[in-house]
């Protein structure tokens, strides 16, 4: 394509403070409508805001993690516009003096290919309520009004829908590490608007910018942007002009639709909010918060590659969640066998976690426990299959692997003489299956292996059993 | 003795000595209101029969405070004398209300009249019609706390709360011959004060004499964690040093307040007051506040800008008046067209204009800078003076209807009071005489930030050496 | 013709921003009044203010916070009972035309 794609992303993140930005109502999700409200977040006449300290600290945390310059003197401004989900018909936001500026987020979509996306600004504001539209009227619920939001605006330095997707994944990962938000697009704790333009490679100026809204997942963002690229390219190819407008993503139809109303440029009449005092962020506050930052994902990835020899993809996977990375590293401390630990973690353990929809932070099986089980397999005292079963039981029964083993009398049987005896028993009990096998039906062999495993309570190594069966059958 | 004519201090003493019961006081007030309020219109949404049984407890022994209609009271309508807040019953008490209740005071069941949303200097902009000056019913009470001032002057209230954004306590106090104090910005919590201009609004006492003023100030002052602009200062006892002498105090007379346009009779009263104070040992000195003439312009830019934003919430969605319409924008527009009075619309439009893109720098930003200059003027003069003395208003009360058709003329009448709000400093108006027509004249004292004790002391000394506070209108 | 400080068009636009409908007469009257007022406030232009810092807050207060603690207000019933229009626990407004 002759065109360069220029994408900027504006992400709104709900901060998971316990109380709202300017009042002490709970931020809990899913409460009955208009039950988590007070005069302040309802904007009742006479009410006044007071800033939640944690919201500010979370905002500073994020700004630092995004390599921003922290503004030493910040204040809040009123963004004035009328909408029913905005109780005061103005939003307390930041315009002139935001918390963070001129930062960057580095994304690495493939090994060795790093893209640094500039972050223009990070600022704090309050969320609006929720509107439910019906045919004839709209319903307003103010529970969400006043929840602290962080707005993260990137420079238009993202050059493809795939990279936009990668940006969002990386950002979400970072925010999860900082534990400042649930980052759940379905619940609305992370929202994303995009703007996109195309320009000819030689052109100095950027093309006409189109704003995209209503994308409810990272995939939707990627799809919407991909669609726009095609749509705009087609227009430009036909020597027409792209109209500067806001378009909504329609996931059902798989396309963007122009917003019908004529978009008049909104005059928000920003001015400093006289109800809130300015905030001075001195060295002490910033240093303290800097020190409280966890090791960030990209550093963890490098460490995993360096210290444990993980591949790019493996490191990416392990570092994708802070608790997972911690778990892995703990396991490695107890049992530095990278291949085993990785295999069991990324495989069976991950499978159990996904199936049960557990959070890594809620995992009750300690690294020591997990390692204990892996060791048994490596020492061939338990078969892999059996170990997977034990793992399942560790989840469902909440017991340690040792007690499970004791109760079931499990240990891998490698006593060949004993095994041979069982194999003989099974062969004698299944003459038809033997003839099936001799006729070439390989399923028959598996059936026989299953029978042996049953008799040995799955404590035999299936590979060995298979060999023994083949041997015996050939002989007979 | 008609109990309603006494001061709070006197009544508290009688209650403490069990010479009088709180029910008697309430009855006296009720009778007075029944007798004359149809002429004064100090109270709004009055009902013939009302149940009001305050408990005689605490410092105030149940004494009722009359409250301006823009201060929220839990369970009692608070409508800012505007149609758009028709029927609004706040579900919470303003902090000052809580404090009054904590000290054993009660809240009078009717709110006092005001210019709608505090937009006005005459109380003629009220949805409930103007209040009438108890000294001459054809004249305005001043505004916007006209109802509170009139009620106190006419002994329909023992004491009252008003609010002051550009002079709305002091000017009606001076027009009605009572005491009105605008505390330092941040001294009294604004939580529960329905905002007009957030960086200028203050709640303050309107009382029959200086002692009552200090008493009520004691009760309503103090840090409030619900108000980010509330100052964390120890609340002193403002009644303690009232009667200490004022020998050697230096009081400045800003020359910009004594120019053409100052009513001759007002000037005479002020000159006489200066003589009284001189005899009490005060040294006077001419000073200059060079940016005084810009105060009106600065005020009407900043105050209306903040007001335009503060009043955006009145849209018919959650409470108050709503004009039904087929779609949202129409509902907003028609509700606000019908719900707001003329002055409110004018100020909202002006405020929107000065914040609009293309005008923000030339108007709002510029006004903020001139505000800095005005504050600096005061900082300078306070280096050499303990406080300043000026007339409260260039004229005494004017006739109802006289200025209402000319908004600019009305705005200019605030020239002497506006600067104190812009600078955030405390200011008090006390009666200092009468015109030949029998209209009260007020004297204003302006103090350094948080120097209420000092200006109250000067005011008290003056008051105790004059008879103005003892005079009552003939009603 | 003297240049107006504020045209009727501008007043119409401002009224739209402020969501206030004005009748033709109101528009005319308010435009005239605003014209006078703006002419008056324009006197600020004569001042030299290049290096003056704007006052956004009159008090030298900074860093006023509250702790991140939850408390319950229980005003839902009171607030909904005085709503102009409500349905179940929601406030109802006429449809928003997008």
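To keep things simple, chains are lettered A, B and C as they appear, and every chain counts its residues starting from 1.
Criterion: contacts are C-beta pairs under 8 Å (C-beta built on N, C-alpha and C of every residue); 3 or more make two chains touch, one makes a residue touch a chain.
For clarity, every value in this text was computed on a predicted model and none was experimentally measured.
Q: Could you name the chain whose CA centroid falls nearest to the centroid of all protein CA atoms?
A: C
Q: Count the C-beta pairs in contact for A-C and for B-C, then report the pair with the higher count.
A: B-C
Q: Express in whole angstrom the distance between the two chain centres, defined as the mean CA positions of subunit A and subunit B.
A: 57
Q: Rounded to a whole Å, what is the gap between the Cα centroids of subunit A and subunit C?
A: Centres of subunit A and subunit C (C-alpha means) sit 41 Å apart.
Q: Cα centroid separation between subunit B and subunit C, in whole Å?
A: 23
Q: By residue number and range, which residues of subunit C touch two or more other chains?
A: In subunit C, residues 17, 19, 56-57, 59, 61, 64, 66, 75, 79, 91, 93-97 touch at least two other chains, as defined above.
Q: Two or more other chains touching the same residue: where does that happen in subunit B?
A: Within subunit B, the residues that touch at least two other chains are 88, 91-92, 199, 225, 228-229, 308, 312, 315, 317-319, 328-329, 332, 352, 356.
Q: Enumerate the residues of subunit A that touch no fewer than two other chains.
A: 39, 42, 44, 50-51, 82, 84, 138, 140, 267, 269, 274, 276-277
Q: Of all residues in subunit B, which touch subunit C in the complex?
A: 87-89, 91-92, 185-186, 199, 225, 228-229, 231, 294, 296-298, 300-301, 308, 312, 315-322, 324-334, 336-337, 340, 345-346, 348-350, 352-353, 356, 362-363, 365-373, 375, 407-408, 411, 422-424
Q: Show which residues of subunit A lie in contact with subunit B when the two form their complex.
A: 39, 42-51, 78, 80, 82, 84, 87-90, 138, 140, 267, 269, 271, 274-277
Q: Per the contact definition, I'd like the list of subunit C residues that touch subunit B in the complex.
A: Per the stated touch rule, the residues are 6, 10-11, 14-15, 17-23, 26, 30, 33-34, 36-38, 40-41, 43-45, 47, 49, 52-59, 61, 64, 66, 75, 78-79, 82-85, 91, 93-97.
Q: Using the touch definition from the top, list the residues of subunit B that touch subunit A in their complex.
A: It comes out as residues 71-72, 78, 80, 85, 88, 90-92, 94, 190-195, 197-199, 225-229, 305-306, 308-309, 312-315, 317-319, 328-329, 332, 352, 355-357, 360, 364.
Q: For a test of understanding, state which residues of subunit A touch subunit C in their complex under the given definition.
A: 17-19, 24-26, 32-35, 37-39, 42, 44, 50-56, 75, 82-84, 131-142, 259-261, 267, 269, 272, 274, 276-280
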